[in-house]
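Shared between the two complexes below is chain A, which pairs with chain B and chain C, respectively.
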Partner chain A sequence: MIWFTLLLVVLVLAALWASMTTTLLRATLGLALASALLSVVMFSMGATLAAVLELSVCAGLISVVLVSVASLTRPRSIQEEIASRRSRLRRIWPLPLVLIAAGVALSFVHAPVDIVLHLPKGDGDVRTLLWSMRQLDLFGQILILLAGALGVLVLFRKEAKDGD
Partner chain B sequence: MSALLLLVPFVAVVLLYLLPKRARAAGLWIAFGILALEAAAAVLDRFATIDVGLLAPLEKLLGFHLTTDGLSGLLILCTGLVGMAALLVARRTLESVNERFLFANLVLVAVVGINGIAMVRDLFSLYIFVEVTAVATFILIAAGRGDHVFEGAWKYIFLSVVASVLMLTSLGFFLLSTDGITLDAARTGLAANAPLAWIAMALFLCGLFVKGAMVPFHGWLADAYTAAPAPVSVFMAGIVTKASGIFALLRIAQSTLGGATPGREILLVVGAVTIVVGAFLALTQTNFKRMLAYSSISQMGYIVLALGGDLHLGILAAGLHFFNHAISKSQLFANAAAIERQLGTLDMDEMGGLGARMPVTAGTTAVASLSIAGLPPLAGFWSKLLIVLALWNAKEYAFAAVAILASLVTLAYFLSLQRKVFFGKPVDKWSGAREASAGLLVPAVALALITIALGVGFPFALRILLGGGA
Partner chain C sequence: MAIEMPQSFWLYFTFFVLLLVDGLWCMLATRNLVRILIGLEILMKSVTFFLIAAGYLSGRMALAQALVVTVIVIEVVVVVVVAGIILGFYRKHDSLDVGNTRRMKG
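What follows is the complex of A and B.
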């Protein structure tokens, strides 16, 4: 239980770091760490496939994409960095306080935990769920990827044209 | 037929990329043809002349759970008509073949999303197709030029993400409190008065209020509509916002809320506040497109207000106003494109006397404006009358009064628009302005004729449009 609590605390801290840091690279690392810790939480709760997907997609693929994008951006000067840090701190300094307040408030709530999650009909296997019961949603996700690819074509081409 | 409405535009997007570069000009016309077929399919389906039995094996193979009814037919018809108008405007206003080609592709992707919204009966699938539409629309807005475009696109995607978080949280609560996330399961959970189910529904409605730009979540819409390139404004104002926010509300009101008191009251209050705030904000605008944007907010408030009235009549009225507003507002944005192309500005304070130079544009603008304001015998009169009747039947007299009084404000800002832009002494600065080209007049005139025809032939048209919707 202590290890589990510690894990959750580190997860929240990593997410907070990702939100508050001023460099894209550090923010990406914070996100990857939070995602990896979330995978551990999922794994320890028995959601193996969800943990694998979280680890491979968010901690893996998304982080790689973000790091690649960060490497394409112009590095900021020290002055810009300091100005950005000050402006960012001014805007989001209440975030850690809100998180702490919410954590304290939740620790006083003793809600009856009698919620039963209704599993969808079928054999309970996530693969069956995805490939045999939610084909329409998979089709929708393919479309989102297609739209994203078209977005890259439209926006990057425009960027190149503007650059010329 | 249902699966084809998703597959045909999707396959077309993929196949269009196989076209040789020199043949890409045809991409816009291929998209136009697909949307024409879609509109025709929606109308023919009302006459039950499409044999869906032939396609049953395909639908079984794909495993898509889709259902069509009068409401979905209405959205599909609007999508076809507005999409065709947007493509015609794109043909005249986008500079290069490549821009037009990419626009046509993105419209087709958004159309798949909208068709999905029309036909799903599951809250998660609804969320997925709302997202498909949002991603395609974000790219369409961002494809414009200038800092204001970035601001408009950023506001749109940022608030879309907020809406997504609300909807996903809601789905989690539905899974915890009801027997699944279909519309039927949600209805059963709400009927059992499960508190968590009501919290889930409130969150989902908030997500849809953001997508539908209901007050107080309306901040993004004026910037997005104004910043977007002309054909994108036509498409967004005509169908995108309505499909991803308002149609989903319509579907939930019809299939899930079923006239339950808390849901009805939320819709009444949000609808009335949106009508009034949107109308008064429109009254203060000097930019043509910005005034139309605030007018859209106000008119979408009417649709939501109707859903809080008598259940059956309210859905009928909301559906009809949905159609009328989709047609008239996309027509007004097409006219805005025509004016911007001639003058290079949309600042109404700089305009005047354009009616003499652009008589057709002035005439079609008057038809759409007066219809939206609810003047007989145009189509908007009938939908507003039905909205008031739906509220009256539900004994919501105060809200009926708000609907009538706000119509006067609508008339005021549209008369102000006509006076500033088309009436008065012609401004010397615009002596070189001429009537818009045929390419821009065709969609405006066609949509104006639909507004007139629907108004004059109302009883017959209503049976076609909403035969199974109420």
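What follows is the complex of A and C.
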């Protein structure tokens, strides 16, 4: 149990680093690290399919997209960077204190939780459940993927027109 | 080495809240559009984690995984489209400041 709790603490620290670090590249690396740690957490809990997806899509693909965005945008001048860091530091410094306070406060809560879930029966293999009981989810996912592809196409078409 | 898993709801809830606060603060404390996207991603991580924890505690891991797969698919589409919008905005206005989004038209 102590190893798992330690893993969760490192996950929160990685997310905190992603929030507080100064450069976009480091923030992206922090987010990728948090995703990788979350996939380890999921794997420990027995959610292997979700863990693989989290590792490949969130720690991999999304990190590549964010690094591409960071590299395609111009870094600010030193004066702008210093001014931005100062104003940002004023807004972000209470975050670790708030997290520690929230963690300590919640660690004292031990109220019994009695949640009754009215879920459909037949919760066995995730593939069976996904293909035989959650077809509407799959249909929605396909529509969202198509909408995303269409959105990217529209954005690039607009960009080509602007460049002409 | 087998990891012993905790069965306490409040342990999972505590780390869910910590990630949630972290993501919200990251979104609110910055004016950089990419950082706002990173904050949104941290929020998504907290929701994903809590879904898996709920599935683990209730013994419905398959259902939780099916929902998490849906969340991840939506997450990646949102990130790709928003990243495209941010790049388009940057090329047009030469800035990543969220205050400049007021200049967006159409």
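Please note the rule applied: the second predicted complex is superposed on the first by the 144 of 164 C-alpha atoms of A that agree within 3 Å, B and C clash if a C-alpha of one lies under 4 Å from a C-alpha of the other, contacts with A are read in each partner's own complex, and residues count from 1 in each chain.
The rule we apply is simple: a contact is a pair of C-beta atoms (placed from the backbone, for glycine too) under 8 Å apart; a residue touches a chain by one contact, two chains touch by 3 or more.
Because the structure is a prediction, the values reported are computed rather than measured.
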Which superposed partner A:11 touches (first chain B, second chain C, both, neither): second
First (chain B), second (chain C), both or neither touched by A:1: second
Partner contacting more residues of chain A (chain B vs chain C): C
Which superposed partner A:69 touches (first chain B, second chain C, both, neither): second
First (chain B), second (chain C), both or neither touched by A:78: neither
Which superposed partner A:97 touches (first chain B, second chain C, both, neither): neither
Contacts of A:46 with chain B and chain C, given as first, second, both or neither: second
Which superposed partner A:136 touches (first chain B, second chain C, both, neither): first
Contact residues common to both interfaces of chain A (with chain B and with chain C): 115, 117, 120, 133-134, 137, 140-141, 144, 147-148, 151, 155, 158, 162
Residues on chain A engaged by chain C in the complex (per definition of touch): 1, 3-5, 8, 11-12, 15-16, 18-19, 24, 27-28, 31, 34-35, 38, 41-42, 44-47, 49-50, 53-54, 57-58, 61-62, 65-66, 68-70, 72-74, 88, 91-92, 95, 98-99, 102-103, 106-107, 109-111, 113, 115, 117, 119-120, 123-126, 128-130, 133-134, 137, 140-141, 144-145, 147-148, 151-152, 155-156, 158-159, 162
Of chain C, residues touching chain A in the complex: 3-6, 8-11, 13-15, 17-19, 21-23, 25-26, 28-30, 32, 34-35, 37-39, 41-42, 45, 48-49, 52-53, 55-56, 58-70, 72-81, 83-88, 90-92, 94, 96
Chain A partner contacts - residues on chain B that touch it in the complex: 6, 10, 13-14, 62-66, 98, 102, 105-106, 109, 112-113, 116, 120, 122, 124-125, 128-129, 131-132, 135-136, 138-139, 142-143, 145, 175-180
Chain A to chain B touching residues, read off their complex: 115, 117-118, 120, 132-137, 139-141, 143-144, 146-148, 150-151, 153-155, 157-158, 162
